[in-house]
């Protein structure tokens, strides 16, 4: 028996679930876990199902797509043993990368990492020591367009399903963001929408907040405005300088980004309007 | 359109979900929310579905029960507007009662409270001020059997679906526990299985723990061993005396019991072997 | 032996602590608990000491003030048995008031409540049932100045040490804020600086955040910009409507405001520049 | 100016703090941070002070020790720039070691690691890649005494101040525990006192708890009974198998052990009777 993960999005209407479960039963499948959400504000139905079946994926896909055709859904079917491929991008800071690689090595993150790309050489040795190919794509104002072109090619060649910006410090172009909409995850080092922009920990110190946080979100052309996937906070007090907040915040950034990557790779995150629906 | 909540338990096997969704579709229903879990250790499938339909509950129930008969399931169907009825029991401490009544008055807890029963008179005025009938059933070693008989009658007369022990300080008999298995919720003032038995906060102080907690569980004949519904903890330090831990702990007890009552009343808690499955 | 709480603020310089402890020893005092913080950014030393002594407060105060005179400090001495007096202000929402009164009745909040003031009559019966005097001061654009004058008089007559805005929905004038600087605590129903202004839960829903929060702060002429005393958050997900966020948020508001009132009443909050130092 | 950390323990009595601050003032010191706690149950006063002074440590120590002699205290003085030396012990599991090394490399943990000792060879390459000497001391029933003798020698030679058992799977002898009382930190993979002994995550699964945790404690001859330094928990649900709880629990173990090491190395943990006082 093979384990499958099915994702479905459609404008909500009666009968979709029953038709879908019918397709699963028709191919000898047994549902192990399922969750769904009908978003009133966007009208979108989001469904995630895990099931077992002895049939081939193509047989199942055909059965489901044909059966559901009148609902015009977007259907994604993945063998549970096929892992999502994440292309990770970094600059010089390595704390988020360190956590992703730690969980990757232990099999805690259900991903493959075909390569890690950076605009600097600093982290090459860390990456290569982990047995992952490292690509250096320097970026200047003059070369930005060419750099993004090269990056696009690498995404395609590597078969990456999504991109993780693990404290990658370059802003991506609107075109690039649009091309990979819903497929680029960024970690912002504040509890958005507080402290957008640069030096959020210094802003947090200036405001005297009692909790600092981090936010993982899909990247859109509007900086720091993309749909939020995951957030968390940690308690701080008056004794922490801005520099100390940076240190404390690293732990939250690591945790939040790894959790967002796990949710995305596990097919649990659905874009619905400007928000995410998380079927966890 | 009427909103319905459907609960289903059965030995897991292929086809149950599809048959169930078929029954819902057949009565013109549209699924709004659904969750299920197949427990490998107990073999039990637990399902909770919310759906809308214009049909009467009896029509729907018949459709579902007939359609699903070959799976020999336990099916419960409730109109969303019909609230579960909770008979609350107290002794002298009122902090859990206070929180339940606060949320009840505001409509945060989806329950009706037909009456509150106590083995003491102390809280009569608080209860009656909230507009809820108060019944005093004193309990001594000699009268315990008769007291439980009276309590059973009150449960029946009041149409209570379940019993909440909001710091009720009498141990119920094995017979009573068995009769209402899975329908009595107790709050224990420790993070079980730590500190079973009496004076758990004094035990916690003696051990020097850095977190104290509370546990809401179904009552069984084995004291403090029933299936756990909800737990939470709060951080403490060396400065708290045992008496201060009692004060701090009250907040956790209130929160944990109210959350357990909410989950149960919302039909989200399923007994599965010695554990609970929470479809939240 | 009487228990005393001593607060001291001064521009930091060597010798203050030793002089202060000398003054305590000179009056036969024994220190039970002490904490201090020297804020580099503001240059202010904040000190809180609890000690026991058999001497009268006037003797101790004189000893301390004379001994410390060359450091030009602000010294406050309070008998531990003298509770800070809190004048509470409400409008129509009662969830924060309910929590304050619950903890007040049980002795968890070290305050006296001489009266509760509201710009509406709605909560009169709740307040009077708790045995606390209720004053109605209606506020319109035309009567605002007179209303604040009446409020000032009530603060003076009641001997209130500080004012708690427990979801009081009127903006206080700059003059009033300045007059009671560091003595008015407000609860804002968002995790500031996110979602300033009106309808923060609707803003939160709009942005799709995964945590919502509340902030207790001292009131200044800059709305929602005063020094933060306490903050907390709670996890939410896509299923919560804005109206449901309002319900969930009430619990955080209650908790955060009560904690801020406790810290303030226990003399643990020090203004230092635009921030607070909490010696907890 | 040099920064110093002073720790003091003594039977509590009036005048200790004033005498101590007098000693600091006498050597030109300025107090930056201080905390103290008088434990009623054990009668012990615990004090931690950070101060600046231009004097040499021997001058300060003499001044303090002589001045305080009549109180018969235990006084420890450390230059802030002198880091506590931690000898880390591991077996085959590397998740706690990984977190300690990560924070060590970034300077987040105020320690030196003179060496890492293991009863297995498995982690040699990880340790040596971090630039830390690795010592293999195999342990069998027959060689246990000799192995502990070798370990004692290594502690002495390396100048280690304390020992960290980062999932070291051998039980230390009573003699060894007594010799290094208050200087060996262990991480237990449960929220003690729940689930003592072997396979705590399997015990937790068996009981159906809703939170799992970890406990860092000083090692004593009574297994799993030593004074607790730090604890934390994480929420789990019915979906996690015992094996999955092991994976989830690793994150809590890492966090709790690193925090305990930080508190100990920062001189903030005081043994007081069977408990710890944490002056954080």
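As written, the chains take the letters A, B, C and D, and residue 1 is the first residue of each chain.
Everything that follows uses one rule, which is that a contact is a pair of C-beta atoms (placed from the backbone, for glycine too) under 8 Å apart; a residue touches a chain by one contact, two chains touch by 3 or more.
Remember, predicted model here, so these are calculated numbers, not experimental data.
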Neighbouring chains shared between chain B and chain C, ordered by label: A, D
Pair with more cross-chain C-beta pairs in contact, given A-B and A-C: A-C
For chain A paired with chain C, centre-to-centre distance based on mean C-alpha positions, whole Å: 42
Euclidean distance of C-alpha centroids - chain A vs chain B, Å: 37
Multi-chain contact sites of chain C, meaning residues that touch two or more partners: 37
For the chain D and chain B complex, residues of the former touching the latter: 37, 39, 191-195, 207-211, 213, 227-233, 237-239, 272, 274-278
Chain B - residues contacting chain A, complex: 13-15, 17-18, 21-22, 24-25, 28-38
Residues of chain C that touch chain B when the two form their complex: 95, 98, 102, 106, 108, 129, 247
